[in-house]
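Notes for the one structure printed next.
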Amino acid sequence: MVVVMSPDATDQDIAHVVERVESVGGRAFVSKGVERAIIGLVGDIESFHHLNLRTLRGVAAVHRISDPYKLVSRQHHPQRSTVWVGPAGHQVPIGPDTFTFIAGPCAVESPEQTVDAARMAASAGATLLRGGAYKPRTSPYAFQGLGIEGLQILASVRASTGLPIVTEVVDARDVETVAEHADMLQVGTRNMANFGLLQEVGRAGKPVLLKRGMTATIEEWLMAAEYIAQRGNLDIVLCERGIRTFEPATRNTLDISAIPVVQALSHLPIIVDPSHAAGRKDLVVPLTRASIAVGADGVIVDVHPTPETALCDGPQALLGSELRDLAQVVRQLPKVMDRLDASALVRRS
Amino acid sequence: MVVVMSPDATDQDIAHVVERVESVGGRAFVSKGVERAIIGLVGDIESFHHLNLRTLRGVAAVHRISDPYKLVSRQHHPQRSTVWVGPAGHQVPIGPDTFTFIAGPCAVESPEQTVDAARMAASAGATLLRGGAYKPRTSPYAFQGLGIEGLQILASVRASTGLPIVTEVVDARDVETVAEHADMLQVGTRNMANFGLLQEVGRAGKPVLLKRGMTATIEEWLMAAEYIAQRGNLDIVLCERGIRTFEPATRNTLDISAIPVVQALSHLPIIVDPSHAAGRKDLVVPLTRASIAVGADGVIVDVHPTPETALCDGPQALLGSELRDLAQVVRQLPKVMDRLDASALVRRS
Amino acid sequence: MVVVMSPDATDQDIAHVVERVESVGGRAFVSKGVERAIIGLVGDIESFHHLNLRTLRGVAAVHRISDPYKLVSRQHHPQRSTVWVGPAGHQVPIGPDTFTFIAGPCAVESPEQTVDAARMAASAGATLLRGGAYKPRTSPYAFQGLGIEGLQILASVRASTGLPIVTEVVDARDVETVAEHADMLQVGTRNMANFGLLQEVGRAGKPVLLKRGMTATIEEWLMAAEYIAQRGNLDIVLCERGIRTFEPATRNTLDISAIPVVQALSHLPIIVDPSHAAGRKDLVVPLTRASIAVGADGVIVDVHPTPETALCDGPQALLGSELRDLAQVVRQLPKVMDRLDASALVRRS
Amino acid sequence: MVVVMSPDATDQDIAHVVERVESVGGRAFVSKGVERAIIGLVGDIESFHHLNLRTLRGVAAVHRISDPYKLVSRQHHPQRSTVWVGPAGHQVPIGPDTFTFIAGPCAVESPEQTVDAARMAASAGATLLRGGAYKPRTSPYAFQGLGIEGLQILASVRASTGLPIVTEVVDARDVETVAEHADMLQVGTRNMANFGLLQEVGRAGKPVLLKRGMTATIEEWLMAAEYIAQRGNLDIVLCERGIRTFEPATRNTLDISAIPVVQALSHLPIIVDPSHAAGRKDLVVPLTRASIAVGADGVIVDVHPTPETALCDGPQALLGSELRDLAQVVRQLPKVMDRLDASALVRRS
């Protein structure tokens, strides 16, 4: 930590800062400049936080130097992690050696629609099935998902297609139920800072897909992952899904730089959701290409057998020729990046 | 709703849109322009949503015309509402005729700190006490609040000072407990789109203080209020607390225009939180003045007897001369706006 | 300046930084922490910039501590400045003791429209007349202003009404001509970082109204003022006019906090443009009240005798009862803030 | 255009809108809904703008339907354009069939530094040389470029290396001089809305590289291109260089979606500047890969022989192994996208 004194701070003000730092066992190095002094702090950063140094007289600013997250940081865990998703005997990897393609409908609407979407996903090369049984919707009048019935549909579609299931949980009270049916628990963008949910998910014993909050900084996102990790679960995959900006041409702005930035800071895998980032199906293929090329560990995409009748996000769901284009991209481009298709490394033991 | 066709849409494409609209009982008015056609839709908007018109061939865009919220809209409820906070016999108004000053510590830390802060608040003119027993914190390593012990401290401070209590609830599972102790339930900025919590709070039978999400549009914020209202609770007060922008000089950017914008759209009262908006105590007094002058129905401010030792947001808490300045502002400026101090209208029956 | 080393920086890396700092006459104080070292730099900050310390091996980050602007900073000029606008014998103050109301049409369209607008402005209490002869427009097909003819109209309206003229200059090549006719040169939001224009305006010998760039930070805005000041002109008034955010309810988001923030950092006066911030006439009066209450030194507002036919920004121009409301606000509310009407202090010598 | 009436608009209000539209030769189609009426307008859109319909009684909103740009639109020019850069006998293409790699130093500092950087660029595969003689800098105390001396250095380096020159012009008064020396005129992010400069550049008879404004929407950016096109110059290449958001990890947020969005709306070529987008050299290679994969027509990258001593943006300049990595990417990845290296199609006639 670095404490920056204001130009009119007195020697007494400086001495008071030093004294408080030393009172909790830290050391303080004072550098007196022409205009102002700066004080470098060495010691246990948590104890410094409690000092509220910014409230002391003569203090202009306090800069944190180290990263505030630990368990998810790459600093003490330089090798990037692989997370395995699926039941024993069929575990799909998400990590640095593979490219994992996840697809499925935004919402589970019926057994037929779900199995049709799952078959579309599988034939396009997907190795994991996404689908929402609980939907967080901006309007209380919009379709909120089938709930437990949706989970049962997903479980039966897994049985018939062999695809492990990724599904969202929106309420801490549902975590146990969702974890019984799903192979991976998704925490959505609106819940990234729902700390009670994060902690519950951290205890559930299933891998977690943590979407970035609509306006979360990368640091806040990694702190949300830290909440999950702190409860003992390090099987976390991050998902960039666009941030909110002033640009109206796309629903969100895909922050493509976030992928290499996160990979430098954290050992966790990171994938991209081009469907929700853009909100337009014509951008899904080019953004998937960009995601693969930038080094993402996978993508998660909306597909639907009949977008015209979809109860959720129809305009971004792929089918037909668009899906065929996507299938070709995810089959060929990862090789250029020296990545295997996730299906090649499924753990079957 | 208005459907904009793309320039290359065919007559058949247009006919298909019309047919679908009519299939759910709506009417469609086609205006053919030089370059493209537009189609005006008349009928039940909810049924139109399910048509997914944006997925049809030849459709370039679909514009919604009406507001998506109903219960909180001013359209069918032109008179602005007053919300009453407190136990029978001591109910404090928040609404168009008064200016309500809420103050207290960011977090409840101990009985002594809370009662001291409450006395500071009361002597500065506050009529409601704020204080957090459950704290949503970005870091899992930060102080998370005293929980139920904090609620008991707040209840006992209410008993000794007479100030009704406003306190945050962060988890749907805690709503019942918090509602037993508190007079008003606060939903924080990170939980504005936690729909499970909103619904639970809507059922709790206590007034709600709904903070704006860090990057929520005004429309999304009113939709969050609609979630609460839909469960039967219209005793909702909105709280503008700053939005996230690129400007680093303040923690958030106080969207002062949101106050008149919301008052034109909704009948709900709206107050301002200048402490969290700015994150700097030197801005609390000028932003409070601006809030009163723009027409806000109240403010909520952090005060703390010893900011140096505060476990949460010490740098923005007021005391001493700053608090005296604030007291003077909230006593005098509302009169210029033809508003009474909330204490003058307390319902004591 | 503070240099933060990365955790894997070697002693040699640290020594190399120290050596480079000392090579330009600076001193470097090293604080070695548990995880990493930080180095405090003391000396001439300009010489440090040329070292490109961020490019050295082992350097993680470089933090600037001092403000990068000097002439406009309040640090060495603690008393807030007053800028005088108008010809000798009729100079209107903008500064800390007064509240200055500037009004007029967005664009000068004809002699009649301009004189009518000027009379509306004057009778509402304005002491300076705004009006654009050169208009920067997003579309090349939109009305671009009357140019020199517009300047002549403004000059003749000044002669007949006595109101000094504030008008925009958009091209460095026009500065001399505009300065011959106008009393104050406005630099618009799109040109805040047009450094050639800033320098030309700095040489023109007339006061300058510098609008904030649509997405400029406060620091960048003060640096733009520094460009003008560096050419010898300190008669600069800043104008907050809203920043670009994700909120669509208003054209821009008025950053009301910027007023006290700027007043703490700089001695220059600062006013607010509520018309362009909101883009809606119904918000002009409440935002003017907020601006006065937060401590702004004035406002600049669009008025037009017939908004229906305005060639520019008609929807935000006031007339009739709205203008009367505004007149009442600017006459009464500044007194509450202990400010005189600017007309009371006009320099007539 | 669509006019949305407010719920309380009267039949007379509607009739007044219709009458005004018809007064300029347009037709108006009224659709009366349950809550409100909407009016579709057909006819000459420019004439409708002058009606200021938003100022009429009972009008709630006016939505534009068509794109406001024409010359740069893809609507009447479906085939994507190629722009040729360089003197007769050595013209390098930028367009849909090729991938063009532009590299060079941020600023021209000396003949040696420039020729060294040019050789680095050429050996890494660049076919055009970038380098700034006029530098727009946030601080008036920072290096502002060598001016005309810099242009002469660039011209002599072109003579010795054969690389055509891309260089920035920041002032309308310099356009003629810069156009005499350079092969392509760059308009920087701060000048995207400097309309006088755009018009001058539009007359200069040289291709233009138009960077996106830091917070310009895609529509505003295309309108800026329209300004240039309107003066008779359609040899415009757009350059995405990141937009301003709340995320501090990168200097700007590269809006990768803008590339396919622009390609759908406009026939103009579009390239990416990963160096300025990120402000960090470690992100240049991954962002270049993403740019190629998303379908960009080229990239422009900072290289410098000695970043430690660079007078501008040293921390983002590549050299050594990073540059070799980049060279490999730009040589191989475009083939996967079915694009030729620009050098393969140079016009030598």
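A, B, C and D are the chain letters, set down in written order, and residue numbers restart from 1 in every chain.
By definition in this document, a residue touches a chain if its C-beta (ideal position, glycine included) is under 8 Å from a C-beta of that chain, and two chains touch if they have at least 3 such contacts.
As the structure is a computational prediction, the values presented were derived from the model and not from experiment.
Colleague: Name the chain whose C-alpha centroid is farthest from the C-alpha centroid of chain D.
Modeller: Chain centre farthest from chain D's centre: B.
Colleague: Using mean CA coordinates as chain centres, what's the chain C-chain D distance in Å?
Modeller: 27
Colleague: CA centre of chain B versus CA centre of chain C: separation in Å?
Modeller: 32
Colleague: Provide the C-alpha centroid distance between chain A and chain C, rounded to the nearest whole angstrom.
Modeller: 40
Colleague: Which positions in chain D touch two or more other chains at once?
Modeller: 215, 244-246 - these are the residues of chain D that touch more than one other chain.
Colleague: Touch graph across the chains, line, ring, star, complete or other?
Modeller: complete
Colleague: Quick one: which bits of chain A touch chain D in the complex? Just the residue numbers, please.
Modeller: The touching residues are 215, 217-219, 243, 245-250, 253-261, 264, 277-278, 282-283, 286-287, 289-295, 332-333, 336.
Colleague: Looking at the complex, which residues from chain B come into contact with chain A?
Modeller: Where chain B meets chain A, its residues are 46, 49-52, 54-56, 68, 136-142, 170-173, 190-191, 193-196, 214-215, 220, 223, 226-227, 230, 244, 307-311, 314-315, 317.
Colleague: For the complex, give me every residue of chain B touching chain D.
Modeller: Going through chain B, the ones touching chain D are 2, 4, 7, 29, 31-36, 38, 40-43, 63, 65-66, 75, 244-246.
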